[in-house]
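Shown below is the structure under consideration.
Think of it as A, B, C and D in the order they're written, each chain with its own count starting at 1.
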Amino acid sequence: MTVRIAVGGASGYAGGELLRLLLNHPDVEIGALTAGGNAGSTLAAHQPHLVPLASRVLAETTADTLAGHDVVFLALPHGHSAAIAAQLGPDTLVIDCGADHRLTDPADWTRWYGGDHAGAWPYGLPELPGARAALAGATRIAVPGCYPTGASLALAPALAAGLVEPDVVVVSVSGTSGAGKSPRPSLLGSEVMGSASAYGVGGAHRHTPEIAQNLAAAAGGPVTVSFTPVLAPMPRGILTTASAPVRPGVDVAAAAEVYRTAYADEPFVHLLNRDGDLWPATAATLGSNAVHLRVTVDPGAGRLVAVAALDNLTKGTAGAAVQSMNIALGLPETTGLSTVGVAP
Amino acid sequence: MTVRIAVGGASGYAGGELLRLLLNHPDVEIGALTAGGNAGSTLAAHQPHLVPLASRVLAETTADTLAGHDVVFLALPHGHSAAIAAQLGPDTLVIDCGADHRLTDPADWTRWYGGDHAGAWPYGLPELPGARAALAGATRIAVPGCYPTGASLALAPALAAGLVEPDVVVVSVSGTSGAGKSPRPSLLGSEVMGSASAYGVGGAHRHTPEIAQNLAAAAGGPVTVSFTPVLAPMPRGILTTASAPVRPGVDVAAAAEVYRTAYADEPFVHLLNRDGDLWPATAATLGSNAVHLRVTVDPGAGRLVAVAALDNLTKGTAGAAVQSMNIALGLPETTGLSTVGVAP
Amino acid sequence: MTVRIAVGGASGYAGGELLRLLLNHPDVEIGALTAGGNAGSTLAAHQPHLVPLASRVLAETTADTLAGHDVVFLALPHGHSAAIAAQLGPDTLVIDCGADHRLTDPADWTRWYGGDHAGAWPYGLPELPGARAALAGATRIAVPGCYPTGASLALAPALAAGLVEPDVVVVSVSGTSGAGKSPRPSLLGSEVMGSASAYGVGGAHRHTPEIAQNLAAAAGGPVTVSFTPVLAPMPRGILTTASAPVRPGVDVAAAAEVYRTAYADEPFVHLLNRDGDLWPATAATLGSNAVHLRVTVDPGAGRLVAVAALDNLTKGTAGAAVQSMNIALGLPETTGLSTVGVAP
Amino acid sequence: MTVRIAVGGASGYAGGELLRLLLNHPDVEIGALTAGGNAGSTLAAHQPHLVPLASRVLAETTADTLAGHDVVFLALPHGHSAAIAAQLGPDTLVIDCGADHRLTDPADWTRWYGGDHAGAWPYGLPELPGARAALAGATRIAVPGCYPTGASLALAPALAAGLVEPDVVVVSVSGTSGAGKSPRPSLLGSEVMGSASAYGVGGAHRHTPEIAQNLAAAAGGPVTVSFTPVLAPMPRGILTTASAPVRPGVDVAAAAEVYRTAYADEPFVHLLNRDGDLWPATAATLGSNAVHLRVTVDPGAGRLVAVAALDNLTKGTAGAAVQSMNIALGLPETTGLSTVGVAP
């Protein structure tokens, strides 16, 4: 089986990562590559690491250029995918790496993004309860945000098992590629190297409602989320520290057992041994679809603390997209993906 | 007035930063420089940036080599300062950059560091209530830990004013120099560049009781502290995100006003404007004694969130030592120190 | 065909990279993993990115533990491979990532490394003239040094075609992983981040004779080499700038044509378009076996200048080892290797 | 004596560094701060590290806003300074950090920058022979380019003393701040972290004629220059490796003696000991006005090799501007400047 795919937004970071993974996918043939302002230039000018595609010329991102493929990946600014998907027809598998179809509550959408809600699509985080069933055979998929991926995987088992109160604090340290490729002074290398900085503090980041939505589904009830993103001087990676008040009688052994059970069959969740002194580090996940995860209980503070590391562009975006595509198409879920990071 | 100083541990990072600041201090003359295993070599081999002292030869760290100075700075592994201080006599101002004399509760010391408590010294964080009075004229000073400096300044005003419950979550992102200069594989550039990693998770870091001690003093009662340190790929800097459940009726304006009042006369606490979109970034504090700080309230999460940035080697260690020395000796507190960072 | 392999030195950087590549090689089964001081610990403690091998326990590096495999990769300190290879028998393919068998002239060996020469093995830089023939069917292979790989590929075509005088200047900027994983203060993250530094200046680096040997083979006569390595704050990558006096009448078009011809059939040499403004960048090669290369002529300076980028651990070490193994065993040369880098 | 100064281009990197140094200059009062597109905003939005000037509002860069100061520093895009200087009157000391007045040969200007030459001003590299005399009492000063500063100091003594042939190869590794603050995709943190890349290869960089001009003055005759700049992942710093064919009989001792004599009285040139294993590293110069320099002779290659490290924003731009101002005004040359770097 060979699937012909197109990528809308191929000159950006998510688009580049999709192509990097798809070049290594045995069942995929790479079709149209499109862009907005960069249409007309070669891919080499934007993605010099994608040697086999160096001479490809970027087409304009339109429904026409994207039509005629089995799968269309959209890595576009938010607000663009619904219109294109509508024109691609119901048989095309459309995988949206943007935010348009992640939130299920229209009021959430309007509050956080503004305008009308385009509707929710099956959510591409297969490790969440029920997600795989919704993805199998799907023709529309919403790829999760990078921060929600880390926060949700870090805390969903604890909330689902009732280990903690539904009142969580998440601080996530992210590499700069999550901010995209549009140049802004604050994202210049000169600014970010040697600096850690907070932004979107106090519940201002748009990934907050998505985290809350995922955790509420796991908890079976509303979850309060305090989320603070921190920018760190590295191109890739998210290191999520997440904690919540632990319920009486829950110790580290019990917590670890819950996580072990929850993720026992997950090919991409790698639990670090609770007895060693190793905690997740983003470098170990670079370029892989793995999430490194470890949980503990701090009796002094009365909190369960979970730490997750992942690559924001791979498991946090493009890897999740490919993983979801595999499920939707009935391919082995791990095809074209790896748990092996590039380190050091 | 010229003060003759010595530095024990001059080949390490804290020692180097002390010398960098003291070279710029108009009232200081630099005397003996000592080291442990590096004794006998020139300072240039360890601190090539300290050009005016390049040819200085490091003496062995003993009470003898450190004697005969007005001020002795100790930047030694913990457990070494009490014995040396005892031999230096009560008239010498001894400023300990290590942990030995920070904790007031002997039981805390024994639990976190092991062995017998060497006794608490006046605590060199002048911005805490009552600290300056204890430092004036002191002949023994304990320099705070770098993480406690950020966490304490971030939350003390809120706790003192009763804005929040005494149950705090602190996640601090640190540069690597805080881990010192003793080579370990995990601190190699190849390992840390491109990586964010958590360590000491779940209340295991020794700075936890020091944070709790400072915050309890501010709150006037016990404070529960969940502390998670994160290593980020930068040589210097600590970015602290700290939060606690906000009490009813406290909004961002009220919180900002409390902080403005608390730090109105502090020369080294720089509050970022609460109306702008600027949040603290460590790069802006590099090499300076400033702490950049901003507070907000997240009504959705029901938490007050404060973010502080500082240079772990300057305000977090050597700058605090010099600031405390100035106070102890009756010099203007800001002498030899600056709020101007080196950026980008 | 399944080849059973062992890796001696599996806890170091070269060993880790070998395993990363071999995990993705369809014809390989990973057997014994050995180490020196790290024997007895799990691979996870040293290579947390190699998730599928996390629980593997490292054996001691001896001929016994390495025996019984089809291919043995040695990533050991220099001086250790000859004795082990002698005990492994002539049928085992031994691929030495160390320096012991690279130099053909025993006098060179004694001068640069000291002691007796262990003898030269077929040299694993297939892109050099004649190298593939020597590698086909070989049972002993010397993997080139990382700097010689960049310098040789950058200048061999120009020297072979007589475009330049045999008097070259090479300045190579390298990431820190080339210095290995043995902790030294100068390799700490705190030291290397934010810093570029030269070392081994003035012909003192041991890769100098290897560069000269390769270029002399290309030129058909002796070549004078001035080589300066520079350490830059990045984990991986070598950016080589190489130049030599250009002979009369050679312009950029002629030079580019010579390189195009020389590398026309090379799967891992990627020539950047001479008309664009793109020059090689190491990030584009991260984790790949590609060398990005571009040549120009500076008429004002009278020099041909070539710039090459590669990943020192992949094409510069482990990728070259796998590529050479493929040739030796008669497998397709690119098996398990990629030209696609991980960027950004 | 208090000098009132203005800075045109205060929101950029050179402007910020000027202000950082001038805040520490005892004889300076900071007047107007101007900008182009950023006029109207506060300095805090662009230079958060300059705490004492945080609330200053940027004026428009015009001759009017800059008039009425004793000294005007211009940190503007090239082509703008001549017109402004003309309107400021001959009594104002105008110090141009841009390129407009560096080249003495109008033909060079037209070839490399295009358009008409604005005329050469006294050149602010006091360490070059004759430069101080031209700067004393000057009212117009051209600050050198950052690359020419390193290359000129590295090779001028050797050329002046006839140690080498006038045919030099310079490869300079630079931090990203040299490229300025105008956002471009290639300068994003995501792109530059983890990457070394060459640009302006083959004599295409505009600093080439400035290097040649300085070296020719030292040599007393034309010098051929091959110059290759390399971008490295660090905010600041230039590491210059420079070499030339050594004349017969010149060994490392002779070369070191020539440099020692040439720079014996230079407060900002720090020669590293030729017997140790320390070579210049940019981190040791961060934020200082020092140039760390070491020379050797490679007998095998027949070349003298010199390595220089400096901070491109300090000695490479703003520090040279302040140093030159001091000389022009008859102040002690080192006022407000330091040889002490901020490290690690």
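The criterion applied here is as follows: contacts are C-beta pairs under 8 Å (C-beta built on N, C-alpha and C of every residue); 3 or more make two chains touch, one makes a residue touch a chain.
Worth saying up front: this structure is predicted, and the values here are computed from it rather than measured.
Fewest steps needed to get from subunit B to subunit D, stepping only to touching chains, is 1. Of all chains, D has its CA centroid at the greatest distance from the CA centroid of subunit A. In a homomeric contact, the two copies may use the same or different surfaces; for subunit A and subunit C, over half of the interface residue numbers are shared, pointing to the same surface. Separating the centre of subunit A from that of subunit D, both taken as means of CA atoms, is a distance of 44 Å. Centres computed as Cα averages put subunit C at a distance of 37 Å from subunit D.
In subunit A, the residues that reach two or more other chains under the touch definition are 13, 175, 177, 188, 190-191, 193-194, 233-236, 281, 283-284, 286, 344. Put simply, subunit D touches subunit C in their complex at residues 167, 169, 171, 173, 175, 188, 190-191, 193-199, 201-203, 208, 224-228, 230, 232-237, 239, 241, 243, 252, 279-284, 286, 294, 296-303, 305, 307, 309, 344. Residue ranges of subunit A in contact with subunit C, taken from their complex: 13, 16, 20, 23-24, 44-45, 47-52, 54, 177, 193-194, 235-236, 270, 272-273, 276, 278, 281, 283-288, 290, 292, 338-344.
Looking at the complex, you find that subunit D touches subunit A at residues 13, 46, 175-177, 179, 181, 183-185, 187-194, 233-235.
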